[in-house]
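Dropping the structures in below, format is structure tokens.
Across the two complexes that follow, chain A remains constant while its partner is chain B and subsequently chain C.
What follows is the complex of A and B.
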């Protein structure tokens, strides 16, 4: 190939209409995304330089920054956050990768069941998992502690959940399903001939995994690790539930604390914004490296028009131990916390687990949940917000991915960056940013309604959604779309008949993932909550932190129930679509 | 049928533009089987994709069936779905979520043909490509060769004026490839569809095409029938790329009536049946060089040599013969019996020598 380099004199001839038309997709999406993402961020930045911490107020100051960054307390906070994020990432990644490999690439028994159940922990919101584990391992009334004291005749509780270790343990458990969902498509779609080539070259199972499997998947695994780290940095529910009561703060719980329970009584918006900027810098760095790894990942186009059946590795005597390990995971992540929640929801007051207490069991908390108007309203709010946000995310994600990966529209890199940026914006920051936006711009009267929360969620989960649809769009060979065009199909028909059906499992997965996460999201909802837009998790949090764990548990039980219905409904939907050759997660 | 004028396709790269295709013009007549041949990166696929509308050229003009579909000067661009074309991709691009019939029927569906008319048309097309009975199979349950047939059926079903084939056979195994090649040619002859075929395989190009355009590095090198390109190439690249070639340096090419004479390291050589007056190399194909009777006297273009090596490969024997300090490849039928070391006399037929410029 000769490398002829020529001056760019060519495109000048193309008509204005054509050149403008090329800009339509990226421009319209770009404006929408900029409004959703950049405007709140800009207002946060402005407010960090305001004495009152409110963007429309007069005057400028750098005091917020000096207050935050010159305090030793802040750096201790950063240390805690780093420890927490890395701990949870290491735990979730090793467990999640192992399960994903076992399910996709080995002859693990009851794979279908495991695959169906692995998303189950998503049905237990992290805040509930945390509450459950507090109930199990609290040094005063924790059920497991009580049991251990009884069994081994101990003087005091052997395990204290109110610790960094406790927080990492629960967060790690909570992140395994996300890890699995990121890794398993990559494991499944890897051309088995690459492994077979290694086997036939005389390499054993472990050599093949080490030399072929892992290096090929390194970009995906690194991408997953960075994604988990980001979540670890941002997450509030678990550190909020476990750490906050005993004064172990991370950045996110500190922000919520300053917003809702600041010593002065008024939210410290100036400090919050200054702190949020630190957040932003750290997470943007991580997000940038995530972007790099996913780009590397794109170099392995793995699905072509040809099909193959993945081969399985025989586990031999390790089959049942492997299965037992997965069973133990489900026990810890779902069964145990949910069981204790159910138990607590049936109790009149907080207590340990014992036969004596069984006599006092009552349905009062559940009856209260269904007869209490606030509880009913919160449930309706949660469902409406979740459906609206997940639908919006699914639609936007497909459009964004198509523009970024497939179209040759100019400015598509900016669209990509804008759709990914929200991953670097914690729920706390989105919450605060949207408060600024919709209090400042009062001709869009959505402050204090469910729609402001819906916007927060759509923004927040767009990065996940668009990454997932990106992955599929990369894996769909461009010829599949080109073949539709040369068959005479226009843009709309190509989208409807080819792209969307082929990407359907991913789109459905995005929809359900966002739905489930909206139903359980606490942080933004807590910051944006007013009298009329309380969601279920906010109500639950109110009861929990207000010292009514039994009422909180009752809500939790029904929340888990609702999420189970979502997840089950989705499983049925996904298995129906299998008949046309699609594979659900 | 297809007319490409001054086509230019440039990609922005660091520091300017990379020209994937530069200033390429060609005309394809209705019903012709026309092949774009060249090594990878030569611009053949880019040219084809520009005709399909999948690539936006930076200059030039493309007409299909008298309708301009791209004009760099006026900025006219017709999107692929509005061009009267159909295309087969190297990767087959059979849609995995559809059945065979749905795949093949898709172009008709896009034309908004009523469902009741689609089905019989699809079945007829499937019969044509040898897939009767497969209509309700999911596309994923087909072998590579069958997927290739689905892709072909999908391209044939709407009877577009122009059929574009992008290396359609390169993913098939050798035997299947040969079979599909002859079926493809039969189909094309029967249907009379103008076909543009892209391949890097010269044998495929020679056996299928009415005419071939040879490309290299974004340039169109030479266009001609397979025979012309093989026997009377105008460029040394053509001679090298298509078939095996022996080049004999020559000087002082002078015309003497119908024939020409030239000085070569072997001695003076006679060239006949040639209309070119310039050249510093003489091309001869190894299978055209003959073993002559050693006792034959001073017949023109006969030279003494010695066999350096002989290797038998079934159909023929490949010899390397040393003549006047040079080595020449000679290919002869398998019944010739010369061993390494044998003294031989070579005859280079004057009518099969082609003077070329070494550039």
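What follows is the complex of A and C.
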């Protein structure tokens, strides 16, 4: 049927329907995201203007802002935080991008193993990782320092973990898996003909990286950088364990102080909210820069309708040095912290590594974990929450990316901002916001259940998910969808048969990343914990903060083991998928 | 009847009257508690107790309570830190109208909640709670966190062990000292020493460049691990590493800074009789012993507890609850001074 045979009224009706249909994706997603993001955000805003910080309390004030922004201490903290966040981001990006390229685009040996192991550090709760590094590199009791002193007959410890450098090093290592998971699908989706053309033209490896890879992957690298920077601004465990002992404080230290130890007897939610506005401004600026940078999407398209298979670059004489470099990374990021975690879990009390202590090794902490009924319930809760939240984030991320990158739907920039904003809201404030929302809305009885935690995690991790899927979605050429439409496929079929399979590496990466982070996330879970929704990290925190770090380490060991199983399953699925001819992973 | 006989009769009569009155009071208390137990058992909701100790520990306290009152259900909910606990109660009462029945916090939080009319008053003495435990009618002192010196016995020789405050700022501890990142001990000492002297002592302490730890249990663990040789920490936080065999020893301080721990009944309580009963029981020698055995935090005001013995000969350093504002002001200033410590500065 064409316009030529339609009556004017029909044409008007069709036009209106078409116009309405254009709004459907952004409207439906917008409502959902507004509920998830704007409601807690509104509460943060209200809280920042309340004298007590409690949104339902009486009175309004701007004092929270003047107290925060006119304080020299705040700007000193900003200085430290910027140094820390940039340092960790640069380290994580460099290492993560290199490993992702080696795994996805080169003939590196044992790639499957590397791919599986590279993300293992994500399963280690950051506080335990930080304690592990203190036990390795502390000037007084660090095992590596002791070894170096012994080997080289030194007078004092050569490495001091208690420093800005130490903080950056450990945070950088901790962020490599996230970088890898964001960049890896984008590397995989690159059309090899581009690099082949470069090589044919006589360009060397580094020229190809500089002139082909970096420009084409710029949106994904930028998305990763933005994400890592914000994480660096908000993270507390590593600066709190490594920097605080020697007086290096960052913004998150202040958030923790205001939430837990403020002298007034109440958490200073007003000041925390006023500080959160600072994070929001940064996030919005970064999101705006990202949108401006990627507005000419065509230049980043690497996946077209042409058939191709990924090509591996032959590393030649660099093959084994590259593998050795990755082995060193594993040693530092996986083997050393996990070994310390296992050591701590086998000790009756926290102690350095020594032969004397080996005699005291015991399985008591592990036996306690398996015989503790709360541990079983917490494990079940954690697994349910993690699966539900990671699935929700993966689905929402694809939809958000499709609307923002692929569709021409009005309001898509707002959708993009909404999906990215939660990263600026500290977990404590998301928890506080959700408590208000679901205590007020009695007809959704989820307060005190695992579902309120699942919503908190979904909100929290949507930023990561959407950044990761944006990077891949931007690589898909519009012709792919146009071809599907021309062949008569509807939106759902196009998504199912074209978009989702091509974006699947990123979707799977998001799923795994969110799953791992949900299994270890603490801040909002602690605030939302009730009698029946305790999670494993809350149990772990209970042991750690209650003076039993060895029991906490035992939980950490089993978390890493569970993650290993998940990753192994992921790899088995990936290899089956490849052998059946689908490049889904 | 001579004067002697008359006097003897008066004494005997008076004694009989006193005994009767005493038994009467005790009997009335027993009746009260027994009535409360019946009422509490008839209510569907358990007594929900917001408290910060580990679940395993509080299970033992509740089990002991249930030996005496088997029909009254008590449910413990571990909530992280007094400030967040108070925040949660405010939100829950504002949002749904009910919250935990009992809440265990420091003085600042209890008084803050009372200022917001979130707590229920009761005649605690009528329920057998000693007057000294309940200076006001909206809360009951059930324990205290007492600061002590914690040392690593492998790294500090007996001859070098500090005896008290006079040895804390010795330069020999430079680089060997650990501290909670909050200046709670020195702030409480300001009540005894005066703010000026306490501040001078704190500034000297900062020169030792103590390693600062974000909470007190990990601080005690780090002493056990040898990361620091000595620290000012809470008595109860040293118990887990000591129980596990770590080379850790506690040395009492005089004056002894401490934070009294209060338990209050909220207006969001759904089992008020049960809450009253349980809190009254916590203030008995039996309840206090059960709580102290489980958490190592005892009631310094109740004779017979280990904490009472720990501080009975020492001068207690603590700002009274009615001077909470002064405490908070000093705490904020001292936290900044302590925050300037650290080798990185």
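Things to note:
As a convention for this text, the second predicted complex is superposed on the first by the 407 of 585 C-alpha atoms of A that agree within 3 Å, B and C clash if a C-alpha of one lies under 4 Å from a C-alpha of the other, contacts with A are read in each partner's own complex, and residues count from 1 in each chain.
Assume contacts are C-beta pairs under 8 Å (C-beta built on N, C-alpha and C of every residue); 3 or more make two chains touch, one makes a residue touch a chain.
Model, not experiment: these values are computed from the prediction.
Legend: residue contacts after superposition of the two complexes on their common chain; A:240 is shown touching chain C, with no touch to chain B.
In the superposed model, A:200 lies in contact with neither chain B nor chain C. Within the superposed three-chain model, A:54 lies in touch with chain C and out of touch with chain B [touch as defined at top]. Set side by side, chain B and chain C differ in how many residues of chain A they touch, and the one touching more is C.
Once chain A of one complex is fitted onto chain A of the other, the partner contacts of A:261 are limited to chain C, with no touch recorded for chain B.
Shared-chain residue A:502: touches chain B; no touch with chain C. Look at A:488: by the touch rule set out above, it reaches chain B but stays clear of chain C. In the superposed pair of complexes, A:156 makes contact with neither chain B nor chain C. In the superposed model, A:479 makes contact with chain B only, not with chain C. Here chain A touches chain C in the complex through residues 54, 56, 73, 134-135, 138, 140-141, 162-164, 240-241, 243-249, 256-257, 259-267, 269, 348-352, 360, 374, 432, 435-436, 439-440, 442, 447, 526-527, 529-531, 541-550, going by the rule given at the top. Those residues of chain A that touch chain B in the shared complex are 1-8, 10-11, 13-18, 304-307, 408, 477, 479-480, 482-490, 493, 497-498, 501-502, 504, 580-582.
Here chain C touches chain A in the complex through residues 48, 53-55, 57, 75, 77-84, 86-88, 90-92, 94-96, 105-106, 108-112, 181-182, 209, 211-215, 217-218, 220-222, 224-228, 237, 239-241, 244-246, 324, 327-329, 331-332, 335-336, 339-345, going by the rule given at the top. Within the complex, the chain B residues that touch chain A are 8, 10, 12-13, 15-19, 22, 41-42, 52-54, 56, 58-59, 72-77, 79-81, 85-87, 89-98, 106-107, 109-111, 138-140, 144, 147, 151, 154-155, 158, 164, 171, 217-218.
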